[in-house]
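Below: a set of structures, written as C-alpha cells.
The same chain A turns up in both complexes below, where it pairs with chain B and then with chain C.
For the complex of A and B:
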C-alpha cells in the first residue's frame, strides 16, 4: 500500500479529510478501537497483518506504508 | 391533579420532581424499602461509597449532567493510569494501556462489522430500520458465527457485549445490539473511558441522585408499596397496593418492561411491554476491598480482562479521597447467569481465587460484596432489559405510546441512551411533558 492508499484508510476511519503523509493517527483523534479498524483495512488491502504496536511505532501514513512494504 | 408514579428509580423520580415543579400532586409508590432502582450505593468504609449498580457517565449525558448540577453532586474521573492484566489466550499478561493481547486485525474486523450494523439502524425507531425484520430475527451469536472469521474476534465479541450491554450474544437480536450501541453514542463513545461514556463516576455514589430527588419529594414517596394493579376508568387511574388504593388522574409506570407487564392492568394494554424472549440484563457486580489501592503502587491500573469467568473484567473503583482500594469485578452475559446460580460461598471463593490469579502481588481482599442484578425481583436484570429476536418489531411501536391514562417511562423507553442513567432521566422528562400536555386545556 502506498502513502495515498494508507491516507485514504485514515480518512475513512477517522472520518476527516485533512490527512497527509505526516498526519499522526493518534493526534488526529485516533484511539485503540479505531486503530484496529485501520489495521483490518490494511490487512484487507495488502494482506499484511500488523499489530497495534506497529501503528504506535508508525502512526503516520508515510511511516505506516513503509512498515507495510517492509512486512510484505 | 394527582399523578401516581410507579417506581422510585431515576425515571420515576425525575418525572415526579418535574411534575411537582409544574404544580401537580404526586404519589410515588416504590416496591422496595429503598429508592434508586438500578442505582445502589455500597459503603465499603465509613463515608466511602461504591456503586453496586449504574455508575458511569460522559459529557454527552446532558440530562444527567444537568441533574447533577441541580442536586449539587460532583463527578470524579474514572480513568486510572497504569498497565492492564489480561487472561485471554494465555494467563496473566501485563500490558500498558487497555489494548488486549489479541490480533489487532481480528478486533478490527469485529469493530468493522459492529460499525456496519450500527450505522444501518434507525436510532429513533429501530423497528423502522430498513431490513429490520432480518436484523431483528437473528441472534448476535448466529450473526457473529457467519460474519466473524478470526478466532480472536469470536473470543472478544461476547466480552465486549458483556461489558457494553450485559448481554449474552445468544439471547439478543442483531437489531437490538446495533440499536443499543447506536443509542449510547456509537461503539467508540460507549467503549471509551476518557472522552467516552465512562469518563466520570459520581463522587460519593450514583445512588445519591435518587436519594436527593426523593428527599425533595418528602412524604410523596412511599416505600415498601409494590403496585399490583392499575385500574382505569373515565375519570382516572387507581393503583392497588397491598396497603390500599391510590387514585390519580394519570399514572406513570417507571419500571422495567417485564415488571410493567406483571402489573394487573385493567383494561389491558393493546400490546405487551415484553415478550417471553425479553431477557434480563445479565450483570453481577462484585466488589473486592483492599486496605488501599495497592495495585497503583505497582504500576497497575486494576483494569483486567479475562476470557474465563467469573470476573470477565475488573476496574479500580476506589472511592475518591478515601483510604480503601476497591476492585470492581464485572460478571456479565451468560457467565452472570451461571455465576448467579451458585451458592454464596462458591461465588466468593471463585471471585477471590480469580483475583489472586490475576493479581498475585495483592493480599487477599479484606471484604467481599456481591450484587446479583439477575435475580433482583424489582429490577429483573441490569443494565437494562435485553430485547430478544423479534422483540423490536413487536414492542417498538408501543414503546412510548400511552395506554389511556397510563404512561410509560424507564430507560427502556428512551431511544436515546437506552439502558443508561441518561436514558432513564430523559424518559422521566418526556413522560412529565406528556402528562402536562394532556392536561393543558
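For the complex of A and C:
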C-alpha cells in the first residue's frame, strides 16, 4: 500500500478530508477503536495484519505505508 | 483460566488465592493491586477478598501522580505487584507469586480445605469488597465503595442472566482496572467455567481476534458497545464470520447504534444471543438488560430506539418527575469514600410509594434520563449533567477542566465532547493566563503542546483531549457561566 492508499483509508475512517502523508492518526481524532478499522482495511488491501502498537509506532500515512512494505 | 498454552486449574487458583491471603494477613484493609491482564491479577483480587481486605485496582500505565492520588484517595497501605513495582514510600509491597513458583515452593503441601489465613476472617455483607473510581466534576476521581453483599447478589444474578455453565469459555476482554471485568470473571469462576486470556483479544487486529476466538472455542463475549460497533462493521465490511463457538455476546457502556444493530441482524446469527446491558459503578455491574437478537429476543421490536432493558430481579427502579432513573436494592454502593457531600447528593432516601411498603428506601440517582417503551423496557434519553462517555468510560468534562486549569500558564478552559466518525472525543479550549499583548502563533502553539504534555504526565489517556486549541477568551452565558458548547461553536474552525 502506498502513501496515497493509506491516506485514503485515514480519510474514510476519520471522515476528514484534510489528510496528508504526515497527518497523525491520533492527533486527527483517531482512537484505539477507530484504529481497528484502519488495521482491517490495511489487512484487506495488502494482506498485512498489523496490530495497534504498529499504528502507535507509525501513526502517519507516510510511516505506516513504510511499515506495511517492510512487513509484506 | 487459560492464557495461550498455559492453564491455571481451579486447584492451582485456590492455592494461589490462599497464598496471597496468607501473605496479606487477616484484615489487611485496602489493598492496591497493580493490574495486568493475567490470572495473577484475578488471584490478587480473590486473595484480597479471602483475607477480608478491600480490593483496589491501580493501572500501572497511569502517570505516577494519578496512581499516587488513587492510592491516597483509597487509603491503601499495601500494594500487590511484581517485585520492583514503584510504590510511594511507606506503602508495603507484596510481590505476587505465580502459580508455578507457588506450587514448587510455598504451595507444596497446601491442603485445598485448609483455612485461607491464620485465624478465621469475619466479614459481613455490608463490609466493603472493592473501591473503584468514577469521574467527578471537581477534578478529583471519586472512590466508589462497593459492599460484599452487592457482588454476591449481582454475581448470582449474572450467572442466571448469562446462563453460564462449566462448559462455557468466557473471553477476558475488559480492562482489569474497571468493573466490567468482574462481569467476566465472577460469573465464570463461580460456575466452573473457563476464563480465556489471550493477547490477540486486545492487539487491535480483528482478523487475529476472530481466529483466536475460533481456536480457543470462546462461547461468551462481553464487549464495550463501541468495540462491538467496530466488530459489526468488520464482520459486515470484510464478510467475515463470527466463530460458531460463540453463543452469547454481551454489550454495554453506551448506546447501541440502530444501524449497527440492523447490520448484526442481517448477519444470520439467529442462534447467538445479543444482550444489551446497563449499569453504573455505584449500582454494581449490571442493573438492566434486554435480548436484542437471538433465541430470547422479542420478535418485531422496533430498531430505531434501542432499549437498555428491564431491571434484573434484584433491582428496584424508579423514575423521577424529570425522567431520571433511580436505582435501589441490595447492590448499591456504600457511597464515595471520604466524600459525604457527594454521597448525600447522589444516594438519596425516598419513601416507598407502594401501599403497605416497607418505609424509606435508599436509591442511587444515576443522572441518566430514561423513558419507558410500551413493552416495559427503558430507553436512554440522555444525561441530566454534562458527563460524557469516552471509549465507554464516564468522563466529567469538569474533571478534565480542573486538571488543565491547574497548569500555571492556563487562565481559563472549556472542555467539550466532539464526535469524530461517530465516536466521542474531547476537545479543549484554553485561554492563556494574562497574556502580555497579542499572543503569537508560536506562543499559543507551545502552550497547547505544554498542556498536552502536562496532562499526559498527570491523567489517564481517556482524560487527555485529542485537540487543545489556545483561544483569546471563552464564550459565556448571560448568567456569566462558561458556555462550553458556545465556545466550541465559535472556535471549532480555528482548531488545527
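FYI, the second predicted complex is superposed on the first by the 72 of 72 C-alpha atoms of A that agree within 3 Å, B and C clash if a C-alpha of one lies under 4 Å from a C-alpha of the other, contacts with A are read in each partner's own complex, and residues count from 1 in each chain.
The rule is short, and it goes like this: a contact is a pair of C-beta atoms (placed from the backbone, for glycine too) under 8 Å apart; a residue touches a chain by one contact, two chains touch by 3 or more.
Just so we're clear, the structure is a prediction, and the values are computed from it rather than from any experiment.
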item	value
Which of chain B and chain C A:51 touches, first, second, both or neither	both
Which of chain B and chain C A:15 touches, first, second, both or neither	second
Which superposed partner A:36 touches (first chain B, second chain C, both, neither)	both
Contacts of A:26 with chain B and chain C, given as first, second, both or neither	second
Which partner reaches more residues of chain A (counting touched residues only), chain B or chain C	C
Contact residues of chain A, present in both the chain B and the chain C interface	31-37, 39-40, 43, 49-52, 55
Chain A contact footprint on chain B (complex, rising order)	97-99, 103-112, 115, 187-188, 191-192
Residues of chain A defined as touching chain C within the complex	13-16, 26-37, 39-40, 43-44, 49-53, 55
Chain C to chain A touching residues, read off their complex	202-208, 226-227, 229-230, 233-234, 237-238, 391, 418, 420-421, 423, 425, 466-467
Residue ranges of chain A touching chain B (in the complex, touch as defined)	31-43, 49-52, 55
